[in-house]
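In the two complexes that follow, subunit A is the common piece, with subunit B as its partner first and subunit C second.
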Partner chain A sequence: MPAPSTTEAARRNRNLCAIGGGVLLVAVLALLPGVASPYTLTMILPVFAYAIALLGLNLLFGTSGLLSFGHALFLAIGAYAAAVMTGHWGVKSLELVLLGGIAAAVVVAIPVGFLSVRYTRIFFGMLTLSFGMLFHSFLIKFYNVTGGDTGMSVKRVRLLGLDLSHLSRVEFQTGPLYYYALVLVIAATLLMWRIVQSPFGLHLRAQRDNARKAEYLGVRVHAFRLAAFVLSAAYGAVAGVLLAVRSGNADPELAYWTHSGELVFMTVLGGFASFVGPLVGAFAFIFLRDWLMGMTEFWRLAMGGILVLVVIFVPRGLAGLAADATTRLRNQFDLRSRR
Partner chain B sequence: MLEIRALDVDIDGSRILSRVDIDVTQGEFVCLIGRNGAGKSTTFRTIMGQRKPVGGCVAFKGQELAGLSTFQIARLGIGFSPEESEVFADLTVAENIEMPTWVAGNRSTRSAAERIGMAYQMFPKLEGYRSRGGGQLSGGERKMLSIARALVLDPELLLLDEPFEGLSPVVIPQISEGLAAIRKGGRAILIAESQFHHVPDFTDRLYVIERGEIVFQGTVAQAERDAATMQILRGTDGA
Partner chain C sequence: MAAFAEIVLGGLFHAAVLFLVAAGLQLVFGVQKIVNLACGAFYALGAYVGASAAKWAIGVGLPTPLVLVVVLLAGLACAVIGPPLERVLRTVYDRDESFQLLLTFAFLLMFQDLFRIGWGANPQTTGSLFLSFGTLDLGLFKTPAYNVFVIAVAITVAAGLGWFLQRTNFGRLLRATAENRAMAEAVGVNARAMFSVVFTLGVALGTVGGALVVPASAASLDMAAELVVEAFAVVVIGGLGSISGALAGAVIVGLVRAAAIVFYAEAELLAIYAIVIAVLILRPAGLFGKEAV
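Now for the complex of A and B:
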């Protein structure tokens, strides 16, 4: 068989596997509320939120080669938008709050991105870090507007126009909000998959490889990077709204640089080179942290140690590890079926 | 079509190009030849807007290029294949080639499929490698891919920096044939070359550059009759 058709077949095979795996995962997550404890379910909600944030972050990091150390800024903007809209403006609908959060993030991301995308590597990282810290100080210092370090409360929202105020907090989170967030994750994943596979995604990968060369081909490198930055900010805001609606609070720590660091940690843990890596990373991080916190008061130390081990021994993250394992399995299977 | 007049370029305070004049007219194949460090790549980078000249000017089809950014110059119709590792390793051959067709604002009248087909036609070898990653190609294949990709911009002028450098003698004729075919299609080509024996026999004109200055211009036959020029050119072969 000629080489191109075998790779074509392999690609089709891989795609089928990916679709099958995705459907299976969604089915498991959809059935989970029937079996899992409410505690586990309330833990999965932030996983959903972070999964969305990391999909956005990885459009910058994995696809475009720009590592932001201030991405928590946009989660905080989403959260505070939710607080202002539900608390001050009396908006009840989560859909409107999500749109408001996205709009706020886009408005902030355009000037921040405009300045930041002119730089790459550590300079981009430091600039985004500074903007994140700037917003954090604003949240802390202007307590008349933002509630200072106590933050602002976020009122119960309606989902698709349904008034769910009769449900208890746990019922709300483990039932309607859980499914709402699951659908959001699915939609965000499919949309990001389209974006990454599109010519736009291709340009981002090309400029990551070599920005100058991309310009030789007529690519407006800065404009493409800015678009990626704004998109990732919008994803961050959706995550921020979800986190705030879950906790009922918009907290200034959401904007603190350690939160940005955690986002990067999750991405590295899951594997930034892989599309699903960030999703894996969000899940692994949340449950790992919960488990370690239950075991020892030195959980931060343990997390740091794990990050060191991941970077040294599995630089491609958990998703990379899984990809290697499936390749090995498939090769063994191929050998056996050929005999 | 391309007019370079009295171009002076400084890098870190030292003069790299000094009063360089180069003309390329439509459909012409022009070769800029000189030793390593003579200023060939600097000339190309200045045309592409990456170096700001301190004096002189570069114009393309009568339009002054000063103040335009690189991507704008590319969209005017100048396809540049640089000397360094030429392909996006992360993209497949097909994606590398298609890339310029997705750029908005290209002034080409040909359809994307037409432009892509044209590129494969010039370098048929690439056809078999469509789904291969850019990083898996040999040096010669990379050069072909880089030239093919520049061609997909449907440029009126191609700038090729050392298209034959580091290639095996078997591959050089393949590239050379591709260039001949491109020229037949009516495009102008300016190549930089550091070795005289690589200069294709269909070259229309030759510019010899030495320490940032053009020291000779004329046909290959004229160069061969000029003793001083031949001394420099023989020097390039020896190097």
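Now for the complex of A and C:
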């Protein structure tokens, strides 16, 4: 039997490493509730939520080359869907709430996406920002429907039909909800990996690199962009539901455009060119912000400064840094073993 | 009739300030191809510095017209932050525009805390400066004299900017650079210096806009992020990169907003965005824009 070519072997090696790393990470996260403080665990819940949102955002940004500055819109839709369903309609099951949030996001994303994906680059960013602010303005101004700037409360939900109302807030968040969110993150990651690797993902990358050429080759550019937009909106809604269920509140600031900016910030911090970048970014951003908030009242200044440094010196983000480091290590290792 | 005139004048006042900021945004986009999210921060900076300058000028007992000159000069002086910021932006000119956008977003975040450090969380006002201008009696109705003054300043700036861009040598070089940077550089335009000047001019338009608005309202921490949204609406309606577009867009947004506040306050921003979306569907490049990308 002929030996596999070196590149094939290297790819297999890398895939094994990725799978091994992923399994290890999941194992650590699954065991964490046994060792970490409740505070850390309640901090990880938003990390999970943002990780899901950023996976979706990066399908637009990294894979399709469309930078949305209004993606917070879909997190807010998820959160308000959760508030309306649990508060007004008496829905108890988180599964139903998630489905409802996704449905609402899809219904909004189709017309918004239809108008937005005709544009690329900065125009796309400005248009998505406008739609996001349109919804924010609706939330703030129509006080009777949305609760205005105080938002709406989200009732305790059942997970998989289990009534957990006997648990305290912290017990609920650090136990059942933690694992529920972890499973959601794993499912969302695997699904997104499949999407990005599929012919659909290839179409998106092709139109990103050269839209006109892709169109000549038969890629229906607008249709594919719209599909990516709707998918990313659904991911955003899942994240919004999780955030609202955790905090017990749907806040209009979720839809504000600076929140969208933060989402992009997280993605670039992690590294938008890498599949795992958004996951890294969500984790780094949440803990960095928490650490800075503990240190200084002026944490926004520090976060802004960090963003400046990242944009200028580390444009490929933390995942890019890690990739460089492993390449360097591997090269050194190869040299040594060849000697 | 009087109510109608009040709406129009109120709208034009808002439009005047919006035009100044949006013109800065358009100028920077036209030449440097950067959408400057920090324009809102410049506007807020002008407002804060303007408020402090007004307090100082009133404190030393200057007469009202001179206070106004001091406020305007203070707004203009804020433009000194232009060159150093442009120097930072220069590091990402060759990168994807998402990085440029993010860098200006970072500026906005940092400025918000700088205002908090400098002026605290409470809004800063200029006291009774606005009232001391009195009202103008225009026969059918009365209007605050200050509003008329601001509208006049904006018209002057618009005319001056038009003259500068169309008639002066530097303006021609500037438009040439905006049209085709490589070609302009080939015939000897120093694009680096040009960018620095244009960005500083953009900052100055924003800070003067902020300084002008502060006697009529207040300088607050939210104003930076809020203005960005309206300025974006203005440039989308007018067409990205066009100064005349900024003027038309500002007038439309100003008037619609003023009318909405009177008739149906809930719809203030919704009405503006309805127009934004209508323009994008009917005329995607905006009223005065070149074809969209």
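Here are some notes:
Note that in this section the second predicted complex is superposed on the first by the 335 of 339 C-alpha atoms of A that agree within 3 Å, B and C clash if a C-alpha of one lies under 4 Å from a C-alpha of the other, contacts with A are read in each partner's own complex, and residues count from 1 in each chain.
Keep this in mind: a contact is a pair of C-beta atoms (placed from the backbone, for glycine too) under 8 Å apart; a residue touches a chain by one contact, two chains touch by 3 or more.
Quick caveat: nothing in here was measured; it's all calculated off a predicted structure.
Look at A:Phe138: by the touch rule set out above, it reaches subunit C but stays clear of subunit B.
Touch criterion met: A:Leu202 reaches subunit B, while subunit C stays clear of it.
Contacts of A:Leu321 after superposition: neither subunit B nor subunit C is touched. In the superposition on chain A, contact is made by A:Met303 with subunit C only, not with subunit B. In the superposition on chain A, A:Leu67 contacts subunit C only, with no contact to subunit B. Touch counts on subunit A: comparing subunit C and subunit B, the chain ahead is C. By the touch criterion stated above, A:Val219 is placed in contact with subunit B alone, subunit C being left untouched.
After overlaying the two complexes on the shared chain, residue contacts for A:Ser130 are found with subunit C alone; subunit B is out of touch.
After overlaying the two complexes on the shared chain, residue contacts for A:Ile122 are found with subunit C alone; subunit B is out of touch. On the subunit B side of its complex with subunit A, the touching residues are 48, 50, 69-71, 74-75, 79-82, 86, 88-91, 95, 98-100, 102-103, 105-106, 128, 130-131, 149-150, 153. By the touch rule above, subunit A contacts subunit B in their complex via residues 3-4, 7-8, 11, 199, 202-203, 205-206, 208-210, 212-221. Only residues 35, 37, 88, 91-92, 95, 97-99, 101-103, 105-114, 116-117, 225, 228-229, 232-233, 235-236, 240, 265-270, 273, 276-277, 280-281, 284, 292-293 of subunit C touch subunit A when the two sit together in their complex.
The touching residues of subunit A, counted against subunit C in their complex, run 61, 67, 69, 115, 118-123, 125-127, 129-131, 133-134, 137-138, 141-142, 256-258, 261, 264-265, 268, 297-301, 303-305, 307-308, 311-312, 315.
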